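Note that the chains take the letters A, B, C and D in the order they are written out, and that residue 1 is the start of every chain.
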Amino acid sequence: MKRFLSRLLSGMLMVLAFVNVANAQQVLRIITWKGYIPKELQEKFEKETGIKLKITYSNNEEMLAKLRATRGGGFDLAQPSADRILFAAKKYKIYQPMDYTKIEAKNIKPTLLKATKDISGGYAVPYCFGTTGLIVNKKYAPDANDWSDLYNPKYAGHIAYRLKRPLLIGVAFAMGYNPFKLYNNTPEYKKMINNVAQKLIDTKSYVYAYWNSGDQQREFAKSGKVWVETGWDGIGWNLHKENPDIDFIAPKSGALGWIDTFAIPKRSKNVEGAYKFINFMLKPENAAVFVNHERYQSGSNGVEKYVKKEIKADWGRTFDKKNLENIKWYPALPAACAKIEAEALERIKAAASR
Amino acid sequence: MNILEISSVSKHFDEVRVLEQVNISVEEGEFFSILGPSGSGKTTILRLIAGFLYPDEGDIKINQKSIKNFPPEKREVNIVFQNLALFPMMNVFENVAFGLKRKKLSKETIKKEVAKMLKKVGLNGFEKRKIDELSGGQKQRVALARSLIMKPKILLLDEPLSALDKKLKEQMMLELKLLQKDFKTTFLYITHDQSEAMIMSNRIAVVNEGKVEQIASPFELYNYPASPFVASFVGENNRFEVKDRNQESVITENGWKILLTSPEKKEILKNRKVSQMFIRPESFVINPKEKEVLKGKVKTILFDGPHTKIFIETEYKDEILVNLKRKINGLKEGDTVSLGIKEDEIRLF
Amino acid sequence: MKSDCSKNRLLLIYGLIVVGWIFMLIVLPHTGLFLSSFTNDDGKFTLANYLKFFNQKIYYKTFLYTFFNGILIAFFSFLISMPLAFFLTKNIPKKVSNFLLTILLIPLGVGELIVVYSWMVTLSDNGLIKHSLQILGIDVPKLLNTPFSMTLGFVYISLVFMLLPIMQSLENLDNCLVEAALDLGASKFTIIKRIIIPFAMPGIVSGTIMVFTMVIGDFLVPNILGGKSALWFTEIIYNNFLTTLNWNLGSAFGFLLLLGSVFVIWLLIKITGQQYEKVVK
Amino acid sequence: MINGLVSKRYQASVFVFTAFFFLFWLLPLFVISILAFNNADYIGFPFKGFTLDWFFGSGNRVGVFHDADLLQALFISIKTALLVSAVSLFIATAAVLYFEKAKSRFKDFLYYLSVSPLIIPGVILGIALLTFATTILYFFQDHSSIDLSDYLSPGFWLVVIGQISFVTSYSMLIVQSQMKKFDKTLEEAALSLKASRFEVLRYIVVPYLKPSLIKAFLAGFLISFSNFNTTVFLVGSDPTLPIYLFSQVKYNLTPVVNAISFLIIFTITAFAFLNFLFGKE
């Protein structure tokens, strides 16, 4: 028994020792999106600086939730979308203002940097941007070109989307609203969202399935069962390479433009490391690795030099001048709107499909 | 010299009083039994001595020193439990050595002592045996060895023989008595079986409902019980409710009038209230040569080797038990017999 | 009066450990949850969180949907467990039944996530079932993300929690009782209804409680296997905590879920006339 | 066995039912195990040939053994489970001894509380612990210079603390079922042989409980290792394996998930059968 007890005890001590060893090295804990830090860049950064990266994959909502529970602790660097920063920084005080003097501004596209500063209220630096639009299989749905095709009876049973806020915003545009103008008019905004939700509930039976991940987006499109789905440009372009029938389409009423950023949580334990990492990732040659991999647009100035030719072509193919001007960039999202949307999304999810 | 003195001890659990003003003293080297039916409080007395319980009132002394507030490990007593409580995860050696190890004796001493003890109880060579590989009698001896090796001032035995079959029980009674003589240790034996107590003990305390009824030698208990309870609990007895009495006779509730002539009985009838009468089965004489006091009809005869039990329905419709030594003199069920009584063996309360 | 245990200092240590665990890790957190459910964003008292539940159709509808499914799935589990439990305890040798039981327990050890994921793959459009049927030229409707797949997943993960308590009850059933009933001319139906089911009742009730609470508190199955309309109450709680950051509303919903499940358990015990102590064990 | 009194037809039908049942039972695990070796970049069928890439690949296809994130999640899960099951076992043993000995008036009340995590939906336990920990964390941050972020904000330690809260209940029941068979006179015998209370615990009680202690440790390990519903609210930058796999399934599904599933299924199955063959119970 003595042996059993002592073995148990020593086992526990060993575990504790492991925990301590893990803490000893200098670490940078990042919460980000899957794919934003390619393995190649991670290894390069760790070798250059000796700082070990600890990466947690997440999305906008969970990022906020995690940082809220810790009051901006637990992570040293986050990558939220620009429009999700301001109210969280104000209300929950989870981010620290960005010290732009520590950023190598020459490596960032100036207009994008300014836009990000404005939208985030001075809490963030842009990393990449992209659009949400439609991924369409031209073979089956040659005419699909707007958000309204997500409830077009012609494609019933072959429609997929992610039940998240971009869907509501896109459909709102298609229905003739300008949701961003209503951001500060809560009652009107609520009315609009209710109308959008009703539309989606009425047409729920057209939906093949909801997707949750880029993978599902890809799989649905590839299977031939889904003809029209919401999607991210990078994924659409990737699919186009494999199957020319499938492509990303900027909806007639406007693709939704997002900027994903770097923001430093309030209780970051490695602020220095965070700045180092931001500057590292925005170096053109590094940013290009990411672009070549994921096909998103980088915020890095001069990245084009290193980007593969066919990738450069994507953007131009989708966004002619008209489409480009029509991109609806997300302004900072007020908290009240987020709640209204969440309730609407739950309502759509719970509705029986007729 | 008294090795153990229990004075005015009371104990209750919640609202129930299980012991009331108990006084017992045990002499050194004695084989002392506490006898009582289940629920009488005898086990409580044992647990009070062992230190698993503490008295509410009164005092317990060992060698004139109060141990009332000592925890079990500070008391110089050991217990042999009813189910023996041998440690199943240890072998015979480890069981017997357990107490010595707690005393932090050296390994060699322990080994020597245990070997000596096992030899004494006739278990040498059994050291490595597991407990569940032993027979009932062997387990019994391990339990005794395990306690005796501690050289207790008093060895407490909590009905250790109750689980054994009759043959083995009788054999173990003898062994216990011999061991006790051999070790000269004071044994305090708890039992509900009066024959065990009678056979082995020097003295017996009979307890009932938390009170001590009588403390005496087995002979005295049997022949001169101090209370109706002792009279009916120790040995077999015929009991009669007394409805009425006068100077020289008592009348039972069924109307049997029995004449009592000896001066001793007259004395009692004169000075005391009488409500019960006890007559031992062997105090009856069947078809006596002189002085018939009662008539009856034989109902059942139970032959049991050395003894014969005869159930007789008397003329007053009492059912009585009569013991005969072997000879039944041609009695048959249904016979009418006359009965005589040895008057000095009648007990009145 | 001096306690007989007063000298046992170890008992005090045990007591402190137990009370520490129960209060720090069970009682206080739930009290905190309770208080938080009556608080608004600024830390003031409010009933709004609960009112919201009763005012918004979606919330109480989802609540009822979740509870209804919990009971339904407990019932399905019971239907499968009962004959299986009887077979395992009464019809085959102990050794074989232990072997089968080992197989039954494997998914439990593997863990819910992997098990649910495995079903997702098995039922998906290019999973084993649809794929092999397609090779044979049979086209079947979508299996994954339908009420069917969700029910299947739930029954799969909760079955042993119904089976084991029933088996435990049946093990105590003396075969003589069944034989005596047969001897007295009882039909098979009567035996099942009058002897076997009543005997298994404590097991059935505790199994139902386990399955029910597991199902209504689950997140993975409706999320991964559930259909387009399978909004689970836990998902609303999850969303409130991890999406909309409305912790107070989430707390209120969590508390309602707890209250609801306690109520159902209480009702179940009352209806079946079981004793709480027996069932809990 | 009640075989003599049932008809051949009954036996046959029960046998068929059971056979189908076990086929159904193992189907998903079987499917995943096969797909773990599929030489294709997608998750499902068709089967394109055998490969070990999803285990050992390090180039285009990153296999389990080269997937640093996955290995880290696995390592964290093991670390968490070891710590949780050890601490839970310690508390559970103290609890069992306490409930065995104590004469307190609150004993029954405490006992019901201590088994309550078994019927509280895991999600509720998760949010209750999260809310409570956060409250304490904020309190210390606001009123003192003590920062308990490392322990009370979502992360490794909060997961450990949270899992202890309910794993202890399971461990307690396992240890208790053996303690119930404990002969109390063994303890008194040891006391009578001059053992101290602690020596009684060490030489008599703990050796007696050892089989159940080991069982409880293993059960605690598995429960902690596979928990999702509670952990999801408590996890921070170190996801446990189920949490990590869930995010993979949701956002980044590759056949590596099949491979790690296969490894776990294989380990558990092997362990279960070894236990069946060589274990006593």
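One rule holds in what follows: a residue touches a chain if its C-beta (ideal position, glycine included) is under 8 Å from a C-beta of that chain, and two chains touch if they have at least 3 such contacts.
None of the values given here were measured: they were computed from a predicted structure.
Participant: Select the chain at the greatest separation from subunit C, using centres from the mean of Cα atoms.
Facilitator: Chain B.
Participant: Can you name the chain whose C-alpha mean lies closest to the mean of all the C-alpha atoms?
Facilitator: Nearest to the common C-alpha centre lies chain D.
Participant: If you tally contacting C-beta pairs for every chain pair, which pair wins?
Facilitator: Looking across every pairing, the one with the most contacts is C-D.
Participant: Could you put a whole-Å number on the gap between the CA centroids of subunit A and subunit C?
Facilitator: The answer is 36 Å.
Participant: Between subunit A and subunit D, what is the separation of their C-alpha centroids in Å?
Facilitator: 34
Participant: What whole-Å value do you get for the distance between subunit B and subunit D if each is reduced to the mean of its CA atoms?
Facilitator: Taking the average C-alpha coordinate of subunit B and of subunit D, the gap between them is 56 Å.
Participant: Just the number, please: Cα centre separation of subunit A and subunit B in whole Å.
Facilitator: Those two chain centres are 89 Å apart.
Participant: Can you tell me which residues of subunit D touch two or more of the remaining chains?
Facilitator: Within subunit D, residues 42, 130, 203, 207 contact more than one other chain.
Participant: At which residue positions does subunit A touch at least two other chains?
Facilitator: None at all.
Participant: List, in ascending order, every residue of subunit C touching at least 2 other chains.
Facilitator: If we look for residues of subunit C contacting two or more partner chains, we find 125-126, 241-242.
Participant: Quick check: in the complex, which residue numbers of subunit C touch subunit D?
Facilitator: 3, 5, 8-11, 13-15, 17-19, 21-22, 25-30, 32-33, 36, 80, 83-84, 87, 90-93, 98-100, 102-115, 117-122, 124-128, 131-132, 156, 175, 178-179, 182, 209-210, 213-214, 216-220, 224, 234, 237-238, 241-242, 247, 250-251, 254-255, 257-258, 261, 265, 280
Participant: Which of the residues in subunit D come into contact with subunit C in the complex?
Facilitator: It is residues 1-3, 5-6, 11, 14, 17-18, 21-22, 25-29, 31-32, 35, 42-46, 90-91, 94-95, 97-99, 101-104, 110, 112-125, 127-133, 135, 161-162, 164-165, 168, 197-198, 201, 222, 225-226, 228-229, 232-233, 242, 245-246, 249, 257-258, 261, 264-265, 268-269, 271-273, 275-276 of subunit D that touch subunit C.
Participant: Over in the complex, which subunit D residues touch subunit A? Could you list them?
Facilitator: 42, 69, 79, 82-83, 86, 130, 134, 137-138, 141, 149, 153-156, 202-203, 206-207, 210, 236-239, 247, 250-254
Participant: Where on subunit B is subunit D touching in the complex?
Facilitator: 50-52, 71-73, 77-79, 81-83, 85-89, 98-99, 102-103, 146-147, 150, 156
Participant: Using the touch rule from the top, collect the residues of subunit C that touch subunit A in their complex.
Facilitator: Residues 56, 58, 61-62, 65, 125-126, 145, 228-229, 231, 235-236, 239, 241-246.
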